[in-house]
Amino acid sequence: MNVEQAREWIAAIAATVEAEAETLTRLDSAIGDGDHGANLKRGFAAVRAALDGFEAHTVGDVLTKTGATLISKVGGASGPLYGSAFRAMGKTLTSPDVTTEQLGDALDAGLAAIRKLGGAQPGDKTMVDAWLPAVAAFRRKGPQAAATAAEEAARATTDLQARKGRASYLGERSIGHQDPGATSTALIFRALA
Amino acid sequence: MNVEQAREWIAAIAATVEAEAETLTRLDSAIGDGDHGANLKRGFAAVRAALDGFEAHTVGDVLTKTGATLISKVGGASGPLYGSAFRAMGKTLTSPDVTTEQLGDALDAGLAAIRKLGGAQPGDKTMVDAWLPAVAAFRRKGPQAAATAAEEAARATTDLQARKGRASYLGERSIGHQDPGATSTALIFRALA
Amino acid sequence: MKKFINDPGDVVAQALAGLAAAHPELRVDPDNQLVIRGDAPVRGKTGIVSGGGSGHEPLHGGFVGPGMLDAACAGEVFTSPVPDAILAATRAADGGAGVLHIVKNYTGDVLNFEMAAELAGDEGIAVETVLVDDDVAVQDSTWTAGRRGTGATLIVEKVAGALATEGASLKDVAAIGRLVNERSGSFAVALTAATTPAAGRPGFDLPDDEMEVGVGIHGEPGRRRAKVTRAHDVAALMVDAILTAKPGGGDAIVLVNGLGGTPLIELYVLFGEVSRLLGERDVTIARSLVGNYVTSLDMAGAALTVCHADEEILRLWDAPVRTPGLRWGV
Amino acid sequence: MKKFINDPGDVVAQALAGLAAAHPELRVDPDNQLVIRGDAPVRGKTGIVSGGGSGHEPLHGGFVGPGMLDAACAGEVFTSPVPDAILAATRAADGGAGVLHIVKNYTGDVLNFEMAAELAGDEGIAVETVLVDDDVAVQDSTWTAGRRGTGATLIVEKVAGALATEGASLKDVAAIGRLVNERSGSFAVALTAATTPAAGRPGFDLPDDEMEVGVGIHGEPGRRRAKVTRAHDVAALMVDAILTAKPGGGDAIVLVNGLGGTPLIELYVLFGEVSRLLGERDVTIARSLVGNYVTSLDMAGAALTVCHADEEILRLWDAPVRTPGLRWGV
């Protein structure tokens, strides 16, 4: 992945998040507060504006800028979590062109940042449940497999009871609904494929 | 009408007001504040209790007690208006048995009290519009005619625009709805027939 | 109907019991449904009594206390109180200097307060009455019931209460109340109907994209129905109607008042628009209140009240007040 | 959706503009969406900052002023503010004695405030955090996000604000805030769902005879659904849940709090029931508030908060406060 491809990835995320905003909001209405779609739409629109004309020398520059913008524009739980993930990825990718292996390491660093910040365990019904298999699949089989793994894992959150985030307040009533954050994670990996 | 018959009249009003409370409230919801049925139900229930065991020597005693109770228990516009009407009637009927002509004069005094207190003109879409033809019919043809006249006049308020009471706030939108107070007046005269 | 009540017939009595529990500094007379200042009657002070149907909380019981009302009568929901109760309130408020009745202009309120004033007069209590009729949605005419009393009632009660606290005579207190009323106009818009506990369902049906324009505070429909517009246009409608009926410039007390079901965040959006629009018409918002003060049960809606104030009115507005619903300066 | 707004995307910004117009004694920073005391920072005083998603008005912006908050951050509706805004608020509040962050326990609020605290630390501003987690409808556990912060936030802000006003150190102000939180429990019931301007329709459908039991203040469904019961039974449910999770007797500060769409008359009915029930459990209502203080947009519903108070907490509760939403003693 080079700088231009990194920009394309982010642009693709922005487009898919915009297109799927209503779906994400609907999922978040069922077990949260109904703002996940609006949050990410607002965030990636700001990222788009921030990257426009921004001089990036490395892949990391693009991702770090993305993360910092998400942190300062989104709010909520997903803002700091996704923002920290992109910032962590950015920090590891210090050259203008990076290998797939380096990208895999970066994605792993992103996941680590989310887990460190949010403290969620696998199975807690959060974005972690999609990131985890996606990163593993990326490393073994590349971006297509990662996207598919994330999508499957997002769907599989439906059967889980939430232990983190707003959905945890619903207790057993959170079962039967797909996690919005895991769903947006699948969008991020699909945009990479 | 003797004292016993006066009691029966009031009891009949209490019964019909109770039975028709929802209708009165529905009419009052359309162009007022939806309490006319509840007001009269509460009022005549109190009258019933007040007359129970009350020693009445004249027809007037019964009606004056009725009026005073309505004034002190109903509130709203209809409480003072009906209360004053019954009190005014009571004042004129100072014997244990009264003639139909005396009763006619008393009803007229009741109407006069309503008009003096409320200041409504005929055609203002109020209880006055039912009282007026009812009293006239009572004097000419007796209680049956009075009831019929009151009912017809109550129905005829539908086409009027209100100039007094809460319905007046609706301006032209008050047209097309039957006045609740005129409707309860028809019940009062029907109970006398 | 979904409400936090026990029984539709007992709502007012039980709300008063709750008020009594929450405000030990007040006295509640459950038989007459009165809220009374704990230290009433205040010797030598002009007493102030108001009241009306319930369902407009905090009006009137929430405005009883030092600097405002001495006693308030709570009628049944949307039903004016009876003369006996008003008389009892008048007695409780009378400190020997007479009692002012502040009455919203509704046939029922007017008649019942009139009767009570007569009874009080018979007992030797001097009574004056201020009739509040600020709702400019209704045309004024001697041939009709006239304009309704709505939001300006709060301002009349506050300003008259302050002057009475200073020791002014019944006549002067009544005069300032009338002045405030004369200089005030209100206009309300509803997005939903109110549901009275007795009726159990909304007073009228309103499609999901329509509003009632020119409503009162008794759940009745308004002067006309219109498509819901942006807050800016709603504010413009209100400001226009009020300044047409009550022209004036300079200092004003401005109340953006929720009708009970509208959250504060929307009232602030509306206030922002109102403040811009009044500025364009050379009206200065000298004092303001934003919140649910004169309500109509659970009705979603908002009302604007503008009172063209002089220095004396502003001074009395600023005077200390300590009631459940309004409190400052003490 | 029928609301007094201009544009769903601009509600928070425009409500802040309205607040600024209504309260010239406060400063509004529109870029960061902050409400700031007009005279902030107060030299030498421990600064107090709170904030969170909007839609809970008057919380938090309505509690800025002498005796309570120095600054409040307003996030988008139901979305916690961003670190930059919290940092700006922290700077505005810092009078050299450090700044207390009062944070409701939601993942988003916690993370964003944490980041801001780090950034503030980098700038040399000492920051302490009080996490409010009073909602006993949610089971407490280290494995979950834990309990939500709701009505007790108001009490924490009031009491901490009073101690800070007396000149106490950041450490002591934080300690009293934590004590108040620890001694407080809340429980809420909703009769309707909230409609966020962005979503445009109610967050959930609720049949005409059902309520959501154990709801938060973000329009989310509750722990379970039940048939609507009488106010007495709702009050019993709330009192039981709170005294089970937070046992105690003696003096308490009690808040019966409307969620935005419930009128005062119902809150008073509920308060009457609560007061009787608490009395039976040897809890004395030493202080109380009844009204819409910590809301969830237009949700019809009510919450009970009980804070087992000691003398010091009561003393600080009684201390003067002058904000748009709470004002007494000044």
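Order as written gives the chain letters A, B, C and D; numbering starts at 1 within each chain.
By definition in this document, a residue touches a chain if its C-beta (ideal position, glycine included) is under 8 Å from a C-beta of that chain, and two chains touch if they have at least 3 such contacts.
Labels paired with UniProt names: A, B, C, D = Dihydroxyacetone kinase-like protein.
Since we're looking at a predicted model, the values are computed, not measured.
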**Request:** Please report how many Å separate the Cα centroid of subunit A from that of subunit B, as a whole number.
**Result:** 73
**Request:** Could you put a whole-Å number on the gap between the CA centroids of subunit A and subunit C?
**Result:** 53
**Item:** Geometric centre distance via CA averages, subunit D-subunit A, whole Å
**Value:** 30
**Complete:** Residues in subunit C with touches to at least two other chains are numbered 77
**Message:** I need the residues of subunit A touching at least two other chains; which ones are they?
**Reply:** none
**Asked** Chain contact graph: line, ring, star, complete or other?
**Response** line
**Prompt:** According to the definition of touch, which chains form touching pairs?
**Reply:** A-D, B-C, C-D
**Complete:** Note: in the complex, subunit C contacts subunit D through residues 2-7, 11-12, 14-22, 54-55, 57-58, 62, 77, 191-192, 208-209, 211, 228, 230-232, 234, 256, 260-273, 275-276, 285, 288, 290, 292, 295, 297-298, 300, 302, 322, 324, 327-330
**Request:** Would you mind writing out the residues of subunit B in touch with subunit C in their complex?
**Result:** 25, 29-35, 38-39, 42, 71-81, 117-118, 163-166, 168-171, 173
**Asked** Contact residues on subunit D for subunit A in the complex?
**Response** 53, 75-84, 106-108, 111-112, 115, 137-139, 143-145, 148, 196, 198-199, 203-204, 216, 218-224
